[in-house]
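Chains here go by letter, A, B and C, matching the order in which they are written, and residues are numbered from 1 within each.
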């Protein structure tokens, strides 16, 4: 932890950190130009658990995920209201450094997006841009990250090979390793298995169950079985609103809202 | 320790990022500065010289009596001729390559050949025109030889931009037309080409504008720098109300007149050159403006 | 389909095909014309002399036919132009694709395009009448005709080619890659230099090569502002002559067909054509490879 973060934390007593809440989202409104993409979202996302975000396409689930590490800012005409408290501080606060936010909150995308570099350089990228040059340190972290992402055994003999030569499922695990290498506290996953085959999907789900022991995971998925299999809690979004947020077991067996039930039982979506 | 190091690296990275933002803006603006300098320079030198006489006088030994009459009329002739040849052939070639051509070695050859031709220096086209049109076909230093040379020069540009435009026409349009029983050519003529036309025109106008600014190939084929007469007027008062005898007349064009004046030591001719440049830039900018307007309008009107 | 209908369709296709084939004829015409006169030239002048003689004086009474002085002139002005166009074009491309807001882009891009549309004879005037006197204030030894001033102006002219083609290449890099970079906490500069640029590398190099090809073939700027004195030198401050300018110089006079002077411009043109041909093809293949990766 960097010194100024702890300072900011104690300087703001109103945001007393709650022990097991990773993100405290307060009255979040998001606009793209005229269009409102998220409406009055209020939710507490727990630490060390997988939170699944489900809902029909266009419901704002990806938008919400991208708010959590400020990736939305890359789009033009993006505007946000409300607060997202992470580690005692609103990540949209003026004096918060967006680079810091993204290093602490990692992200994996729908389509595997390895850089056109070697496997090794992909994982080392996040460290290199932080100015880490020591070869043995890099070697160590690369190996550790690849092991955590359960792909080490498959690639250890060809670290210098181009990452684009890997299969889709391997690429996605490589991207997870790449995200883990910068030692984030949170991992955001945006439909991480939608572009890969069922067997590779199984391995990634297995991996998530392992990773959740040390990371907070938030995952957007369009696959409800997947949400049921891996997540501890589930948020259901519809037309930019958060309809329901609860433990996954409750959402899938006894939803509190009629609309959630309709979606879960497959009446639409 | 590690943290302080990381903090420093991050600050340094961000500082570099901001520095580059500034550098990028100033470097990109350099183009604007040069453009302004060029325009201001030319206007200060030549604007006072621009008057009606300048536009209606033939060149002369005495700079204050010289004008660009022959030059701008020649430029007009060349514009019409080049467009009349390059446009139909270019659009036809593009249509073939986009709509008909099968993927084979001949198509590949034609494509790579066009890409290369677009990059051949213009003066080489001048040598081509000199060898083929002027000497071999014996057209002398005529407007026809000049127009044909420039038509070949801009042909690859017309083809490339037309193909670009044809490619943006969605295949659903073609399918809809075929589904109604139209033949291939009917589909192309009635649906595809009209849909692509604004883009094709934009590219063609830019190509003609480029041709009007060309100097080197016309010097090479021997366009004259001292022309004290006009080509025969193509519009006659008697039947058939036009004649094309002017095509075989010698000619000059604005860029050549400018080059000729720039090359002379007397200050008066440099002023004339600046004044002629204003006219040439005016023509160039108007044509580019029309092209940009066409592109803008078609982008607004149709969104696939 | 009725018979005449089919016949019309077929005729039209053949007509369109012939139009496409014309471009091949143009290339054959160029090669043919250049080759024909060049062969005549080399009947008089041994190839070895052409390539190794250090003087080029076909218009003098004591004739030498060494292409080296013309090549050195072309090399010199091209190097100066690229020294301007490469950094400026690349930085502009990075700035426009990764930094500039939409508003700034819509203002700056068309202005860069205007730079590309200005006739070269105008740049020649600008180099001779404006830039050279300006440079002379800073560099006292600069002669009125020199390689430096037209080189710089040519560089400015080539900036839009380099910047817009490089930007196209960077723009074609999938957004997912950039997001991957940003998600790891990269600054814009890091994303641009370490993710986008390597991914767009072949496209960017292709734009450089095309820029070089333009500089090598550029004629009027150097014909006006560099002087018409073939000289084997790399000194940018003295008058020189490029391959292209020499062709203009001879064409200005009335040189009869078949004479050796007449043939020299075709020999010079042949050298120029071969050089730009290689550059254009390399650039084309790189561009094609780049497109295949990302389409």
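Note that a contact is a pair of C-beta atoms (placed from the backbone, for glycine too) under 8 Å apart; a residue touches a chain by one contact, two chains touch by 3 or more.
Keep in mind it's a predicted model, so treat the numbers as computed, not measured.
Centrality annotation: C (chain centre taken as mean Cα position, compared with the mean over all protein Cα atoms). Of all chain pairs in this entry, the one linked by the most C-beta contacts is B-C. Of all chains, the one whose Cα centroid sits at the greatest distance from that of subunit B is A. The distance from the centre of subunit B to the centre of subunit C, each centre being the mean of the chain's C-alpha atoms, comes to 16 Å. Spacing of subunit A relative to subunit B, judged by their CA centroids, is 52 angstrom. Note on chain placement: the centre of subunit A and the centre of subunit C lie 48 Å apart, centres being C-alpha means. Touching of two or more other chains is recorded for residues 187, 190 of subunit C. Multi-chain contact residues of subunit B (touching two or more other chains): 13-14.
Across the assembly, subunit A contributes 99-100, 129-130 as residues in contact with two or more other chains. Note for the complex: subunit B touches subunit C at residues 13-14, 16-17, 20-21, 23-25, 27-32, 34-35, 37-38, 41-42, 45, 88-90, 92-93, 95-97, 100-101, 109-110, 112-128, 130-132, 135, 152, 155-156, 159, 183-185, 206, 209-210, 212-216, 219-222, 255, 258-259, 262-263, 270, 273-274, 277, 280-281, 284-285, 288, 292. Taken in their complex, subunit A has these residues touching subunit C: 69, 71, 74, 76, 99-103, 106-107, 109, 111, 113-117, 125-126, 128-130, 175, 178-179, 182. Residues of subunit C touching subunit B in their complex: 1, 5, 8-9, 12-13, 15-17, 19-24, 26-27, 29-30, 32-34, 36-37, 87-88, 91-92, 94-96, 99-100, 104, 108, 110-115, 117-126, 128-130, 156, 159-160, 163, 187-190, 210, 213-214, 216-220, 223-224, 244, 247-248, 251-252, 254, 257, 265-266, 269, 272-273, 276-277, 279-281, 283-284.
On subunit C, the positions that touch subunit A within their shared complex are 101-102, 174, 176-187, 190, 194-195, 198-199. Interface residues of subunit B, counted against subunit A in their complex, comprise 3-7, 9-10, 12-14.
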